[in-house]
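Following this line, the structures themselves.
In the two assemblies presented below, chain A is common to both, partnered first by chain B and then by chain C.
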Partner chain A sequence: MQSILRKSASCGNLSLFQNFRAAGAVPRGVTAIRFYPAIASKSSTEGAEPEKSVFISQSSDIFTNLALEDWLYKNFDFNKHRVLLLWRNDPCVVIGRHQNPWQEVDVGLADKNDMKIARRNSGGGTVYHDRGNLNCTFFTPRNAYDRKTNLDVICRALKRQFGVQADVTPRLDVTLDGYKVSGTASKLGKNAYHHCTVLVDADLKKLSKLLNPDTEGMDSRATKSVKAPVQNIKNANVTVSPEKVLSSIGYEFLRTTTDGNDGGAQMIEKQRGFHMINPTNDWFPGLDNLKAEMKSWSWNFGKTPEFSLKKEYLIGQDMDTLESLNIHFNLQVENGFIRSASLQSPSGTRNFVDDTTLSDLSGFINALKDRPFHPGIVSTFEGLLFKNSNKASVSVHETLEQQARNYVRNS
Partner chain B sequence: MATSVLNLVIRSAGSPLRQTGLKSRRAFRLPYVRFYSQQNALDPLEGGTFKFSELQVSLAGPELLKPKPDVSNLIFGKCFTDHMFEVEWNVEGWGPPRICPLHDLNIHPAAKVLHYALELFDGMKAYRGVDGKIRLFRPDLNMQRLLRGSRRCLLPQFDPEELISCMKRLIKIEEEWIPHSETSSLYIRPTVIGTDPSLGVARSMQAMLYIILCPVGPYFETGFKPVNLLADPKFVRSWPGGSGDVKLGSNYGPTVFVQRAAENSGLQQVLWLYGDDHQLTEVGTMNIFILIKNANGEKELITPPLHGLILPGVTRQSILELVRGWNEFKVTERPVPMKEFLQLKEEKRLLEFFGAGTACIVCPISGVSFLGVNHHIPTMEQEDPLYARVLNTLSGIYYGRISHEWSVLVD
Partner chain C sequence: MVWITRIFSLARSSSISFKAADGLCKGQQIFRFSTSTMLEARKYTDKHEWVDMNGNVGTVGISNYAQDSLGDIVYAQLPDVGSDFAIMDECGALESVKAASELYCPLSGKVVEKNADVESTPALINSSCYDKGWLFKLELSKPEELKDLMDEDAYDKFLKAQQD
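After this line comes the complex of A and B, so read on.
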């Protein structure tokens, strides 16, 4: 990179971009890239107050908006220009950078409902987005990163416009009457962004269904979401709407000084104001590449930290010791692919499970190696194990189920 | 006497007088004097000026913003930004300058602009450089042209630096209307109109100056497309003693009809001729340049002089200064009669013929239809053509690839 920059200094007539392209540093399909000067490290309070803009994304696609957020983070200079990006998505689920989607989301249910699952660049927990949820991304240079101030802007806006009293917790959640209405995450590099959700009028029922998958047997070191009871701001004031909240947070941002004080209404007119943003590759060269990455399986599922899945199935009882006999099904998943799959069956299994089934199961296990993981694998295994054609195992299975039900009722 | 008067006229036309031989003076037997300007002196201001320090800003709220179209749908002149600049004038002086959301104007039906075309405008661009910063190109020249035109219409004067400051603020607010790619710009249209609500061909005692902006996508998407011209002596765009050297709307309205005549003949633009010897003056709304091999066998670049018939284009002046600076061949400002033009073409000494203007920078011409005969011009057949070199240098300056004093940062 440094050598390319040095070389380009001598080729004055070629654009910096053309130099990068000649050096092979630009991927195919990128027609131009904005390279902005190195971020100065001086404090943001030196010199004139930076001007503020509120960007409103015209897209409601989660991948496009995440790519736009990334593009601004990588390409803008925020020293003299602070930006608040406001965006809303069609229904989707967004997991944190270091999370396990299968641990956080009912992936099968999401697939069935054509709902996208997206991994964002910032850490933290899983959130559900729909048009009733407003996303706010506050961009600053790294040295001006201040999440509390940003969240205070949101609380002041809600108070000023709707009379709603919200509070910021030490975990940097925004709560209303004890219920969480906003969750926060951030990313720091040369630039910094702090983004948060604002639940205005989201479908909370869908939220709870999607974010409660069956994780029995899953052992993962990925970041686990900290669940908290949530509510919509609409509960506190029926007149709110995502559009109105967008407008009020935008205006409050424009009138707040960089050290977090209300500069008054007259400060708004000194700023650059509101801008619609059309996130396409023509307006933002290089966006398509970022979007392709955000949409890829290798990012959304492949970046999952290593985890294991250990499932245990009761197939019968040892006739002598009366101990339960369980088949163990183990999976080791790395980068979203099954690194190893194994089946452990105790002695005596053959009394309850016929040879065809056992060979089907081993065949299945062998075929799993290096395949991408998905929850359907578990249900396929279960289907093979308990398939109806094996009458013996069905009756044992049914008997055991009945015994289990009785056990639960009586205990 | 006539010669010295002519000298005064030509010298005050806006470009240094060079290489204008006796031949050209003979072509202009009618001495005429312009009363209203000497280019480099700032005239004493009539009625004072508005001040940037008194600028009132009223930003558009999110509900007033227009969604941004795709860059490929940015047809020149059809899409405008969200804000405009305006300031009013009457006999008591200038009112407060304002930046406000783009709005329709409220004009009395008797307003002089509507009846007698008391109107002038200018055209210039703001470019997003390769470093992401916005630059204007020689805005001082556009300001001077605007002031000259205003004087010609007896419309008010102002301090050009104040207008440039207001313009820069407007551009900063609208900055996101310029795509982040390397080939887009923002077209700036300052306009002055006489709004005096009284009939009568007299000076307008009320006026308004406003600026509107249009985002412009890349001009030559698939390389140069040369044009073919209609040269019909019965159509005259400007004449001695007229107003062809100022950018009045009244110069352009009547040309719409002629442009249609060209298109009906399958041609793209009009080549404007003047006089019995059919001097080539302008093409469409652009200045013209002709590259020839002169009688001494050397290359020579010729453009008509600023003798009252020609609009002093900023691109035209920049090309002259640039090419003179290269010191590779002669650069002459003199009239070119059609007979000479065709003779040069017959003798294969006519190398390139191109238009020059803010919109397209240079526009190569490959054919002229004169009195029913189509003449092919070998502009596109030259090796290392001048028009391409000029385009590369000028766009290098526009987009900040080449650092130059002509490029003014909007900061």
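After this line comes the complex of A and C, so read on.
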């Protein structure tokens, strides 16, 4: 991975135009270009207006598309050439770079439905993708990064083509009648990109089911998603489809000047136009490695910021003090692996939990260390604790009720 | 169809230039110098990072200009202690307002300490970027790189030039 980064970085300064002319016979001198553009990039954008292209990815695989996005970010020079990448995915969930997938996504439900969970390189919160959702990535040099201008392009396209009035909020969401239709995130380094979702006709039921996991007892410093009510643009105009929105945003981008003004239809003629992109390793050398990284457990789950999980289970009540007795089950997770697991049981536990169960539980706890975290661990623990569930819970319940009656009578 | 061919040929040609560039890097030599333990004046990079040297160990942070333009920082991903970086390698990230900004290692060296306070309270970078909001400490492997960094005056001029 490291070697790819270095290799890519070393050609970051080549302009696309140079590359194109150099195709077939690469002049040796090209490699001597400085590593970092520093201030030079500013002057190189002066003068002629950069040309623009719309790239349309032919893949609907989230990992391939994230790898393509990363490849372009690392290898292109956007000073004289601005690129808008448009892409759609098969159903999947995409989390922000510094998020905890178990806190954001019902991972068990996603697994059951064979739904991919992917971590992206940009900041921000979790989003759901399917073919009814369009993704737009605006690539620029870092000094030309401007999210508001990009979102205005989207709003103008929706207005011009479909008569739909959408607005940009201060949080840089795009809303329609107060409902969010687009979420934004970005990455800044030597280049920059701003990408956003556009909900055209997505399955919103699936979205809300997947993005509402049980997070009780989970604590971490990971970036939390800000929940917002969403809707599809199709609600505002039934003739809208993801394909039509794709082409309208593409055209709007081509007719917009770099400072965000409408350059009119004749401006489209000056641009490089639409390009169908087939993201394979043949055309984008190194893409397979980026894709493997994007797919890996160590990136998607292993990059999770450190977190703890604290669960407590009521097992009974102290006969004398009438205080409830709880068993505590604590996990500390680093890089996706359980670094420590502990079980705390109050004195008096043995009145309610038999010895076999206790020894099963402690055996289970001891076996957890250094294993990858999975939400199934919690249900396994619960299964062991309540294995004689019906009998045990009835007796605990009866005892508690009896004690409550005694308590009322005595007071 | 013409467009398609163009893009593909671009992608292909850049792979060729990778290899040659890689060879160039390998040719570089490594020098080692011993340094005094004197505290030196703060230095800056054009990526808006600062370095305070104490002996051969530099404390790294981001400048006031950088923290101000990033906005409220909500997450700091710092490099692990013990990891080695070459100058300007990506070594971490700061997240603010849905944007992840890469951190670049200002000099070559090994990370010997990171600021755990900043990991638990990233807002320290905004409130105290030159003091409590330091990010990590670096034991330099190529101290001669220091001379290419800017001093405070040069950095101020650089900022002015950028804003003009």
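Definition applied: the second predicted complex is superposed on the first by the 347 of 411 C-alpha atoms of A that agree within 3 Å, B and C clash if a C-alpha of one lies under 4 Å from a C-alpha of the other, contacts with A are read in each partner's own complex, and residues count from 1 in each chain.
To be clear about the criterion, contacts are C-beta pairs under 8 Å (C-beta built on N, C-alpha and C of every residue); 3 or more make two chains touch, one makes a residue touch a chain.
The structure presented is a predicted model; accordingly, all values stated were derived computationally and were not measured.
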Can you tell me whether chain B or chain C touches more residues on chain A?
C
Pick one for A:75: touches chain B only (first), chain C only (second), both, or neither.
both
Output check: A:250 vs chain B and chain C. Expected answer is one of first, second, both, neither. What do you get?
first
So, does A:123 touch the first partner chain B, the second partner chain C, both, or neither?
second
After the superposition on A, what does A:189 contact: first (chain B), second (chain C), both or neither?
second
If you stack the two complexes on chain A, which partner ends up touching A:297: first (chain B), second (chain C), both, or neither?
neither
In the superposed arrangement, does A:97 touch chain B (first), chain C (second), both or neither?
second
A:285 contacts which: chain B (first), chain C (second), both, neither?
both
Touch test for A:172: chain B only (first), chain C only (second), both, or neither?
second
Answer with first, second, both or neither: which of chain B and chain C does A:270 touch in the superposed model?
first
Contacts on chain A seen with chain B and repeated with chain C across the two complexes:
14, 16, 31-32, 35-36, 55, 75, 272-278, 283-285
How about chain C: which of its residues touch chain A in the complex?
3-4, 6-22, 24-25, 46, 74-75, 77, 86, 88-90, 93, 95-102, 104, 119-120, 158, 161-162
Counting only contacts in the complex, chain A reaches chain B at residues 12-17, 31-32, 34-37, 51, 53-56, 58, 75-77, 243, 246-247, 250-251, 268-278, 280, 282-285
Tell me, which parts of chain B touch chain A in their complex?
56-63, 65-72, 82, 130-132, 172-173, 175-176, 179-183, 217, 392, 396, 399, 401-402
Chain A residues touching chain C - in the complex, by the definition given at the top
5-8, 10-11, 14, 16, 19-20, 22-24, 26, 28, 30-32, 35-36, 38-39, 42, 55, 75, 96-98, 121-125, 143, 172, 184-190, 221-223, 272-278, 283-286, 305
